[in-house]
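Following: one structure in structure tokens, then a few remarks.
Naming follows writing order (A, B, C and D), and every chain is counted from residue 1.
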Amino acid sequence: MSASAVHSLWTTAATAAEPISKIDSPKIEYGQLSPTLIVVGAAIIGVLVEAFVPRKHRYYAQLFVSVVALTAAFAAVVALAQGGYGTTKARIAAMGAIAVDGPALFLQGTILLAALVGLFTFAERRLDPEVHGNRVDSFAAQAASVPGSDSEQAAVKAGFTTTEVFPLLLFAVAGMLVFPSANDLLTLFIALEVFSLPLYLLCALARRKRLMSQEAAVKYFLLGAFASAFTLFGIALLYGYAGSVSYGTIAQVVDGTVQNVNPALADTMGNDALLLVGAAMIVMGLLFKVGAVPFHMWTPDVYQGAPTPVTGFMAAATKVAAFGALLRLLYVVLPGLRWDWRPVMWGVAIVTMLGGAIVAITQTDIKRLLAYSSIAHAGFILAGVIATTPDGVSSVLFYLAAYSFVTIGAFAVVTLVRDAGGEATHLSKWAGLGRRSPLVAAVFAVFLLAFAGIPLTSGFAGKFAVFKAAAEGGAAPLVVVGVISSAIAAFFYIRVIVLMFFSEPRPEGPTVAVPSPLTMTAIAVGVAVTLVLGVAPQYFLDLANQAGVFVR
Amino acid sequence: MENLIALLIAAPLLGAAVLLVGGRRLDAVGHWIGTLLSSVSFVFGVILFSDLLSRDAEDRTLTQHLFSWIPVGGFQADVAFRLDQLSMTFVLLITGVGSLIHLYSVGYMEHDERRRRFFGYLNLFLAAMLLLVLADNYLLLYVGWEGVGLASYLLIGFWQHKPSAATAAKKAFLVNRVGDIGLSIAIMLMFTTFGTFAFGPLLGAEGEPGIAGDASEGRLTAIALMLLLAACGKSAQVPLQSWLGDAMEGPTPVSALIHAATMVTAGVYLIVRSAAIFNGAPDAQLVVTVVGAVTLLFGAIVGCAKDDIKKALAGSTMSQIGYMVLAAGLGPIGYVFAIMHLVTHGFFKAGLFLGAGSVMHGMNDEVDMRKYGGLRKYMPITFVTFGLGYLAIIGFPGLSGFFSKDKIIEAAFAKGGTEGWILGGCALLGAAITAYYMTRVMLMTFFGEKRWQPDAEGHEPHPHESPRSMTIPMIVLAFGSVFAGGFFSIGDRFLHWLEPVTGHSHGDSPVSALTVTLATMVVLVVGVAIAYAQYGRRPVPIVAPRGSLLTRAARRDLFQDDFNHVVLVRGGEHLTRSLVYVDHTLVDGVVNGTAASVGGLSGRLRRVQNGFARSYAVSMFGGAAVLIAATLLMRAV
Amino acid sequence: MNPVNYLYLAALLFTIGATGVLIRRNAIVVFMCIELMLNACNLAFVTFSRMHGNLDGQIIAFFTMVVAAAEVVVGLAIIVSLFRSRHSASVDDASLMKL
Amino acid sequence: MSFPLLTATAALPAIGAVLTAAVPAARRNAAKSLALVFSLATLALAIVVLVRFDPDGGRYQLTESHSWIADFGVRYELGVDGIGVALVVLTALLIPFIILAGWHDADPLETGDASLSSYAAGRWRPTQGFFALILAVEAMVIISFEATDVFVFYIFFEAMLIPMYFLIGGFGDRAHEHGEEAASTQRSYAAVKFLLYNLVGGLIMLAAVIGLYVVAGNFSLTEIAEARANGTLDMATNTERWLFLGFFFAFAVKAPLWPLHTWLPNAMGESTTPVAVLITAVVDKVGTFAMLRFCLQLFPEASKWATPAILVLAVISIIYGALLAVGQRDIKRLVAYASISHFGFIILGIFAMTSQGQSGATLYMVNHGISTAALMLVAGFLISRRGSRLIADYGGVQKVAPVLAGTFLIGGLATLSLPGLAPFVSEFLVLVGTFERYPAIGIVATFGIVLAALYTLVLYQRTMTGPVKPEVSAMPDLRARELLVVAPLIVLLIFLGVYPKPVTDIVDPAVKQTLSDVHKKDPQPEVEAAK
């Protein structure tokens, strides 16, 4: 680069630096951010509770705070939606950092409900037998204590419980709320970290099988950090390309409506390499979160190792948030790049659908099985994402809503089936469950059928919606692949049903714990949503349709 | 009057229903109910007959339309009946002989605890047979056609505890089914060719010709050949004759009624009824005559070698029907005589079978003629009636068989040309052989020394005359066998009676009727003489001698069954067995194979998930690289 | 000197970090490599910020540092607990769950 | 808005299913009676439908239409044409018999030997569940006969699988040569096979359904067919063909058509006889029915394009099924293969594209339902007496149980379509209808009737005739309940054989409509053509 260019760079930089001096004070629309703010606030309160409330009251205090917060936040979301922020008054708030529009509100609502249901499973304390007269939940008595050590014994004896999980949950939720509504890459990244870090911790907190739990946490953490590093670098490159991290600006630059401000950059950054590489890296980070092949490999291990309530919450909410962000990124920032990323996403979707379904066939652990099924589902959702039509958006929204409740419900059922070593997650132990406790088996069968996409369950409606969108978006081959992998997937869902109903129960088989109303509610809600969305989905489809438009 | 036609069928049908549904409580009276209803049907027949006679020859066709059966688009099948001279003849034969045999069975089946059901089946048969001859369209005829098949199946297998009987019954039904293919295809052809398969429009009624003639000769030939196939099945003509011999497993009255007098002649009825079609297809007619000729020799030869009296008679039935088919194949020259021989044959063959039954009745159901001998002393009535039947069948001058068979032979020559000579020759030869084997039967059964011995349990059979209920029918039939032929032929009564339906033409015979008659006489004498030389002069060995190759072949039905067994049965078994294998391994295997391979793939892909975080990272890194590369590539292309 | 070179440096550092993640066993070291990658990103941000002549990049760099710090907290907590229960910080030892 | 008659016909059994399932285990007989009552009520309703239906009226009658999932262009649309009515009535008619025949099939077994755990296979048999599931299936089958909205049809076409799956896998036939363990493994294998085959078929159809939506924008059969007819909706040739294949595949699996048939013998062999009847006589009819209604109406051109191939497959089914039936050692599998052969006839008739063929096919569905029910149920009574499905284990039954043997024979004769019994009419119509247009195929198919005679008579001979086997010597004859099940079916067989006009009158107009949809006319007879 010539000296003059360098010179010009300096000078232009100087001139460009002018306006920086007069920054006007930021303007924050608290009302429109209220859902997030409520949750964050509650989380902080939670921390304070940990600090100041005596141990024996903490559980109830935390539970109370969290429930109230989540409910209030959901109410706020509904209020905003009622206020038309989802449709007509959709806008960008907080100095362009946060978008308040249909998809954001819909997804926030979904996440909040999922979190609420998940919270119930977190708070469940009837499944494990009482130790030393204390009710215990699925979380380690004292995370810091070494498994099997005296300190652990002491902690258990003292009846400690890790009530920190509640604030952690809330923080994670807060991050998830921001994630899909982030309107610049920085916010995106921060949200990503905000909801990832608590999840890393939650994974490590299992009461039983702690080694596996810690291992899961380590894997999740390292790989997650690795992925977010990629994301960050991608962000850097995009910033380099557009000179801004705001979605709107980047989009305009991509479309070429705004010429790159200075010619000096123009001749270095003239090519779109930065854009493409950057975009690819960000997308990769998001695909990691949704667990798409080949970025899925953490999923089975983490799902298996993490405490089951956490798994359920994570599987449901993370997917919702991540897909929300992915949608916004692809539809708002990179629509101009459609012809570049669509084929690539095709490939990802196909390998994800097939990979998830095929590998799941030979799984022997119910949690890993569900993990792989979640991978396959990620593939189906991707098919909807690829449609790049308003229908595509709404179908994905609907699918996410349907899927998250089925997932939480399914994992909640998994927490019920226990033997001496805690949850009996090995499939062989599930043999003949239908004979021992038909109701639980029947409920689980309903969830499995929903996963398999049998008509009259929400799974079918969702699958139909995304496939329809995909087909209309001209991705018929994807639909065919999707159908094939559904067939493969059906095989292992059926296998579990066969196992539960038609095969011999083991004499030393697991017992089915009688849960408290908390888990019951969680499961009941799951079943209800599954059936309602299966039989009469129209209302929710309308909702998703109204919410199908992004604000730019 | 028309409405009686339905009753004709209804009576025995009612009988069948009552007897079969009625259950044990009817055991006591069942047989009388059956007999009564069949004779009621006979009475109706007579009434209708007199009615027909009262009309003039041209409008002797009554039709009765009951209801529309299968109306689908252009496909219109009705349940309707047509009674003309042809069907009238059959009605009388069936109900008449049928009633007699009912009567006979009362005695014959006396000791069978399932007698009620036997009569039920007999009535069922009558109903089906009447439906067959009275139907006004081919589809309804098909119903009767299979109905008689069913009845014959039930009756042949009546003694189901005998595996041989069950097998024979099944065989009969199956072989008939093969024939039925012909009938159904023929009906389809008619439908596609003419858009109808009803007699009226097709074959013509009240004088004006039907549309049968309008079709191309090729089509007509096809239809005719299919009908012939059907006829072969039902009338045990080569190549579908194999079932008749085994059918003798059934009780003797059954053999008399179904497998001698009536059902087996249905094929002849079919051909004569379809005259309008056959007339339009000379090639087909030639085939018919050939089949007839071959069968008449085949049956006769088989009949010569059998020691089982019923099997011998069965062979003769086969060959007599061969005559009829031959005649029917000759076209207008022969139709009338075919039917005439059919009727006379109905009389004497039924008589012969009843006689045979009577003999078995007296001999503890022994059927091997080599264990008979000199029975004339013990059962005189049987001897006389049987003897008259014998004379009739060999064509002894003045008796029924003489007239009818003679006419057929004449007609065969009258066909003209070389085939005329060949057919006539066959017919003559047949007559000779007939004389031979019937004489053989006669001699082995009623003459010579008594050859029966105590059976396994040491029961010495005490040959005795049968009860009256059995002898009376035999006597009546004997009358028929003696006088029917003469009665028909004097003044060509039968010819004039039937002509309006079948039409008739005198072929120009190369040889005068007289010559033919003389020739017949000569061969007759020769046949009888040879038989007498073999069985009359020297005693009959109790154990059959090995005999010449021809004899052995004839004993085995000229290896025809062996052929069926090897080719059809064995081959079929192998085919099905291999197909079962294919279905299990191949068709099913493909599916299971795919499932297995997917499973295997899954197992292999699983390995990738090796639990090492770093390898996961590698896959992520690689994935990212691919992602980036792909994106750039997309832009490049 | 040409700011583009800083980008090359950033890319280099990032790659080094990534490679480290892939080849090193010790969890701590792996984690350090990730930190290195994050800092490579920072460098990139700052450079771009300079090129574009706006401050966004530099601000983001600060955010990144905070985030990195947070990650250190969480990460070390997890790794330490793992180390205490296994007496090994090797990521390869932690492979109970597979297939 | 008038009373939703069609909905009621489907809703009634559904309600019955729920109530029956709700009956406490102790009152199992109450559950049975309840189920029976509901099935009879459904039959009554079906007859009302039959009466209210006017053969010469509009194409779809008693229609109902409500918006359901507007977003997918789905409306809850019901309506019946002649074909639909016939099959609805058939279904409603057979279910009571099935329930009655299965009266004791789901009773919990008093444990024979203590060695087996109380959970052991077959012992876990919630009686009321059995009958509830049957009613559920009835509801779904009926509504899929009535649906005039493709999506609605598809949903119940698929959902049907689940109750069927539990009926097969949960209440299988315990008669097994290798004992109960083998029976239970065999059973779940059969259940899974059934489910997977049909699920795969269904999913492929799903793709086609979605494709149809993309092309047509809604699922209303009437609207689409109309649009196709007046050219406002034209599909690209290839699109139509792919969609057709998608639909046809699913139906061919259900029907089942060679070579997709292998699930049927397993399913029928391992399930209890009433369920086997349910499968072949009722559920499978949905497949053939759907070919007639959906394949032909939605994709006339593609149907014509595919006809030759399909006809060939159908003929293969006919011969192949019959030959395999001959080769079977197991009574129920034999009947299953016989059914495969019969379904070949039905499909043949449908795609012969002649009024005889299609009327015959429809009639065939009805008659086959009745005849198979008769034969299979009697076979079931036989098996339940001896506890074995192997033909070789029987012999001489007619001597000890003449009535059983007699009914069995009549069922068999119906299966070999003896003239005078109902199946003959339909079979002959199918043959004629095929022969009119494809003589060669018609002739080949005709050989099926010989093979039918072969396997039926062999079965009868081996089981019923011959010397009495010691094991069967003490076999009781049909009981009153069993006779109550069989007798009406036999009467029906004879009646429809002698006087099928009532059915043909209802079916004919619908068939003519369908033919006009595919723009086909019956060929003219040669002679008239000449004139």
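Things worth noting here:
The rule we apply is simple: contacts are C-beta pairs under 8 Å (C-beta built on N, C-alpha and C of every residue); 3 or more make two chains touch, one makes a residue touch a chain.
Quick caveat: nothing in here was measured; it's all calculated off a predicted structure.
Across A-D and B-D, it is B-D that has more C-beta pairs touching.
Measuring from the averaged C-alpha position of chain A to that of chain D gives a distance of 46 Å.
Distance between chain B and chain D, defined via averaged C-alpha coordinates, is recorded as 37 Å.
Centre-to-centre spacing of chain A and chain C amounts to 23 Å, using the average Cα coordinate of each chain. Distance between chain centres (mean CA atoms), chain C to chain D: 65 Å. Among the residues of chain D, those touching two or more other chains are numbered 196.
Multi-chain contact residues, meaning those touching two or more other chains, occur in chain C at positions 18, 21, 30, 91, 94-98.
The set of chain A residues that touch two or more partner chains comprises 218-219, 222, 226, 230, 300-301, 491. A complete list of chain pairs in contact reads A-B, A-C, A-D, B-C, B-D. Against chain B, the residues of chain C that register as touching in their complex are 18, 21-23, 25, 30, 91-92, 94-99.
Residues 67-72, 117, 119-121, 124, 126, 154-156, 158-159, 161-162, 166, 169-170, 184, 187-188, 191-192, 195-196, 199-200, 203-204, 206-207, 210-211, 213-214 of chain D touch chain A in their complex.
Chain B meets chain C in the complex at residues 606-607, 609-614, 617-618, 621. On the chain A side of its complex with chain C, the touching residues are 1, 6, 9, 12-17, 20, 143-144, 146-147, 186, 189-190, 193, 197, 200-201, 204, 210-212, 214-219, 221-222, 225-226, 229-230, 232-233, 235-237, 239-240, 243-245, 261-262, 264-265, 268, 300-301, 304-305, 368. Put simply, chain B touches chain D in their complex at residues 20, 67-75, 79, 139, 142-143, 145-147, 150, 153, 157, 160-161, 163, 166-167, 170, 173-174, 177-178, 180-181, 184-185, 187-189, 191-196, 211, 214-216, 219, 572, 575-577, 579-580, 583, 587-588, 590-591, 595.
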